[in-house]
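Going in written order, the chains are labelled A, B, C and D, and every chain counts its residues from 1.
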Amino acid sequence: MQLATQPKPAGLAGNTEFLRKVYQAMLRARILENKMSSLYKAGKIVGGVYLGRGQEAVSAGLGASLVKGKDFFAPLIRDQAGRTAFGEPLLDCTRTYLGSVLGPTRGRDGNVHRGRPKEGMPTMISHLGVQLSVVAGMLFAKRLQGTLGDRVGATCLGDGATSTGSFHEGLNFAAVERLPFVLVVTNNQYAYSTPNTSQFACADLVEKARGYGVGGLSVDGTDFLATVSVVGEAVRRARAGEGPQLVVAHVLRLSGHGEHDDASYVPQEMRSSHCGRDCMDVARTQLLELGAVTADEIAGWEEQYAEEVQQAVAQAQQEPQPDPDTEDWMAVSTHFPAR
Amino acid sequence: MQLATQPKPAGLAGNTEFLRKVYQAMLRARILENKMSSLYKAGKIVGGVYLGRGQEAVSAGLGASLVKGKDFFAPLIRDQAGRTAFGEPLLDCTRTYLGSVLGPTRGRDGNVHRGRPKEGMPTMISHLGVQLSVVAGMLFAKRLQGTLGDRVGATCLGDGATSTGSFHEGLNFAAVERLPFVLVVTNNQYAYSTPNTSQFACADLVEKARGYGVGGLSVDGTDFLATVSVVGEAVRRARAGEGPQLVVAHVLRLSGHGEHDDASYVPQEMRSSHCGRDCMDVARTQLLELGAVTADEIAGWEEQYAEEVQQAVAQAQQEPQPDPDTEDWMAVSTHFPAR
Amino acid sequence: MSVTYIDAIREAQLKLLQDDPRVFIYGQDISTFGGAFKATKGLADLFPGRVADSPISEDAMVGMAVGAAIEGMRPIIEMQFADFSSVAFNQIVNQAGTHYYRTGVPMPITIRMPSGGTAGSGPFHSQSMEGVYAQYPGLVVLTPATVSDAYHMLIDGVALDDPVIYCEHKYLYRWLKAESMAGERLPIGKARIARPGRHATVVAYSAMVHESVRAAEDLRNEGWEVEVVDLRSVKPLDTETVLESVARTGRLLAVGESFPWGGATAEVVSRVVQDGFHLLDAPPMRINARDTPVPYHPKLWSAHRPGQDLIRETLRQLLVY
Amino acid sequence: MSVTYIDAIREAQLKLLQDDPRVFIYGQDISTFGGAFKATKGLADLFPGRVADSPISEDAMVGMAVGAAIEGMRPIIEMQFADFSSVAFNQIVNQAGTHYYRTGVPMPITIRMPSGGTAGSGPFHSQSMEGVYAQYPGLVVLTPATVSDAYHMLIDGVALDDPVIYCEHKYLYRWLKAESMAGERLPIGKARIARPGRHATVVAYSAMVHESVRAAEDLRNEGWEVEVVDLRSVKPLDTETVLESVARTGRLLAVGESFPWGGATAEVVSRVVQDGFHLLDAPPMRINARDTPVPYHPKLWSAHRPGQDLIRETLRQLLVY
């Protein structure tokens, strides 16, 4: 087992296609989330808006390393980029935020509480940490069915969520069963307003890996190439039968906890420190340096994605909202004669 | 932070008084528990009987390192020896097992579910792992009151209980607050019938220490001198302000899960392996070799303790059982006009 | 040959494993050991890999079942005692219970809960949690009282596409015997007349059905014919059958083993008075356990738990009101 | 100057910290940040060390409070949302709730639960869990409806030697204002007549008191005088005041915001019919939320939650029965 390994990004640099795909997902997500933020401020969204700003590299790196239709992916609060990379349509997001009845939750739940369980993407509940065992259970099922193959199941959470009992029970279960499970912890320095110092006492959360008997990798989440490479490596190891992998990516949350929060508790020094770098900027620079994209291409993408987002918003806004009178108000699928 | 350190028992060998005290508690506990087992088989006890056979060294080593009236100690299922060493009267045990209304639980709870919360010994509930945060909370309170001093709070649990979310949340809390907290995990190879392999995936549970940012010590729990020394060292470190300490002692449970269980699932090879040694035998040999006791002394103690146990049993048996008609049936201490 | 209640549970699981490859069982000490109560004895040998031991992680056990169900399995989770499900409470009510509503994807998991009091089990190995789970939308809560129901309702419960809380009563495990498991097989959601009568209706479920039937027998000599309705499931709750019985008798006593605030007895009484107020000739009554944790000592326990004597004496009051 | 419901909660905590060195507050984001709802705003500065941030560990938060209470403190635990207390369920009901009974040592902890629905909060930030906790012995469950009660009952709750589940309603936080916090100060366990009347009794608590009072106002023009009883605490439950009201009106409607199976409305109705059957001129009625998780979309949410209109229309039926 290796702690804090950073596989050389050299291998990836050759894989221009892949890097472009990751960056595109990041960009799409950023543009989409910026739009959600504006809509929130304009009072167009009921409930909160939660952004993944600053976490796009690790999230999209994971989503792009997974194969939709085969792998499982349970995104959490700040995984718009991962969702997009995995293949979630933009409309799933805009419909859910805007309350369209045609969205995956049909207005029954909102914002990031959406998924497509039957397409390998379970829907999160708010209680942090509980999706680890769910993803592990999906893998366990496939193994029982004899169809596990080289499938991987991955999920994400934050530094704060590592303090939950569910995190512990879920990761231990995956480890005992030696499932092809990847857990990406994005340490964005804060859980809502609570800093790392009030949350855990080890030097780097990746030090937990050994105590679970799982692989551990730690990476600077603002470094696009390193991050994409490390997350990819974790997925590769899990796929290769090396058991569960814990990846810890270090970043700073570049937004409030939600758009209602100005995050004034984050000190200025931290914002201007290394971890306060925006992975989008780093990615752009790195990709340009590598010659994997041109500035014109990026500008083109930005335009295209803004247009796509605009359309997804417009469509969701035109769609019907849920109607209490036609709702079936059924919490179970069985029709019992009695209730 | 050190992993798996075994401080040399040399220092202790000089401390004959202390070693004798620990051994006496072990012996008293073994004799008491043997009696409880006989009473169970004779149908004299309602409910189960749970023994600490094979775990006396680590349990008594802990209990004897703590100071009653100052330190906190939350024993678990297999801590008769620790309770005795800490100063729990034999009668608390016999009264609880035999249902005397004069026992600390007044017949409301049984067997190992007893304590003296106001004397630094909280009472366990059955749900595993939940007492870590309770003990940490007691320490937290003393720190708030400014009377923490060099007090220590300690608790025990088994290999199986390390899989609970409560274990994780409790240990993390103690670590974040850097409390003088000692957690002794006795890995007796089984949780009821479940072997280590189905419980966790790390090589030694002490490997968890680093991930919590706490001290870690691992010891062969059948080796009396080493065990007493390591447990004492953990208590010393916590007392000295070095933060929480995790001790893992390796033994074999030398009884069934409870006396209803013949533990036939434990393979013969394991019973006859090193970890299957009885710490009582090892302690006796080591103490005789050290010249800290004589065989005659031990024989004398055995006689004396058997007599004490007999008396504690006889007394509890003569005492009144709870009477439903005089019970107040109050689950809250407040007398509300309404209910 | 006689079959016990726990035999029926084992047999049901055997049949489920045999008939449906989607079924597997997961819980503490259930594989080679066969479970704390031997409900899975021998099954791990017969179905390798499909009866598996879990770590002591109730939260993860239920989370894993949810994941497995999403992928097409029908997991049965054995809690070692119902009381320990408190640790999985969040996964049960918020993850499993809301899944169908949130996503439209059914959640066919069954959680077996060894429930209820036995002498000397104490506060944490005796609880009856049916009322806690029934409060939450999205859960089906079964409370079988007979050997036949223990068998059929487990099979039918696992066949449901919804999360099932299967409350099996530990007191009945070995005490309750029947000639065979082939009793009347009613659908889930239908109550049963456990004993016909015409002077009063007792509504009970699980172990309390037997205490109620015995109390009713006691009163027979005195000329009273008390009807006992076995609810079989507290959610769904078959108000119709209860109302029909009350229409015949004019008197209602609801009996549950759980704590006295809320719970199944309150729900039964409230439904009956709302829809059948005019049917009642006397105020409806309730019996529950006392409002303290379940005591360990058998003398306290028998006074804490409703039993034949208390039910009989309460019925006496109700009958002459 | 007007005070809101959340102001009252903050002021009560300020006073508690000032007056009693045994009091401290522990929860997520409550120190410098002042809490998700600002209930502890500024308190950490005033009382260094006594308003502390916890990791995201609800189970440990409650366990730590239990330990601190054993050592003589009076902890207040802030759950960020009542819904997340499901993770601490075991520590609350089995550790804190049973402590006094098992050991004779009182357990003075207070758990603040931001409860109830608001538009767009969805299934996991809207729950009303009073009925879940009230089922368990050993817990006191407070449900203040007014600014004055929010203030006094928090102070009185912390003074109790027993575990208190203090359900504060998020909808009332900023919407409910009063001239001052100095309303009538009733003891815990005593219900209050929120609005006097003589044609029917509505029993409600928390936010539902206000919906009920508004519904009653609607009916005034039609000549109906509906009495509204504010329970204030669902455990203990002041059956006496409810019965006295029903004795005056002859009609009962119980209203709760929680799910429809069991809960406070069932307990109220069952108690009234058991002890006051002869007082009733009509079948008692209940209103609860619907039997699904609390929906996110405001349109669904308003139809899920009981409100003024539904209460008024139900009262119309009740009044003319």
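Following the convention adopted for this analysis, a contact is a pair of C-beta atoms (placed from the backbone, for glycine too) under 8 Å apart; a residue touches a chain by one contact, two chains touch by 3 or more.
If you're wondering where the values come from, they're calculated on a predicted model, not measured in any experiment.
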From chain D, the most remote chain by mean C-alpha position: B
Chain pair with the higher count of C-beta pairs in contact (B-C, A-C): A-C
Chain centre separation in whole Å, for chain D relative to chain B (CA means): 41
Gap in Å, rounded to a whole number, between the CA centres of chain B and chain A: 44
Between chain C and chain B, distance of the C-alpha-averaged centres to the nearest whole Å: 36
Residues within chain A bordering two or more other chains: 105, 108-109, 113, 125, 127, 163-166, 169, 172, 176, 198-200, 330-331, 339
Chain C: positions in contact with at least two other chains: 54-55, 57, 59, 83, 86-87, 90, 94, 97-98, 101-102, 123-124, 137-138, 237, 290-293
Chain contact topology (line, ring, star, complete or other): complete
Of chain D, residues touching chain C in the complex: 83, 86-87, 89-90, 93-94, 97-98, 101-102, 123-124, 131-132, 134-138, 235, 237, 258-259, 261-267, 269-270, 273-275, 277-278, 280, 282-286, 290-293
Contacting residues of chain D [partner chain B, same complex]: 24, 49-50, 54-55, 57-73, 75, 90-91, 94-95, 97-106, 137-140, 160-162, 188-190, 236-240
Residue ranges of chain A in contact with chain D within the complex: 46-48, 99, 105, 107-110, 113, 125-128, 160-161, 163-166, 191-194, 198-200, 265, 321-325, 327, 329-331, 339
Contacting residues of chain A [partner chain B, same complex]: 163-169, 172, 175-176, 178, 197-203, 205, 207-214, 243
List of chain C residues in touch with chain B within their complex: 28-29, 32-33, 36, 53-57, 59, 81, 83-84, 86-87, 119-125, 290-293, 295-300, 302-304
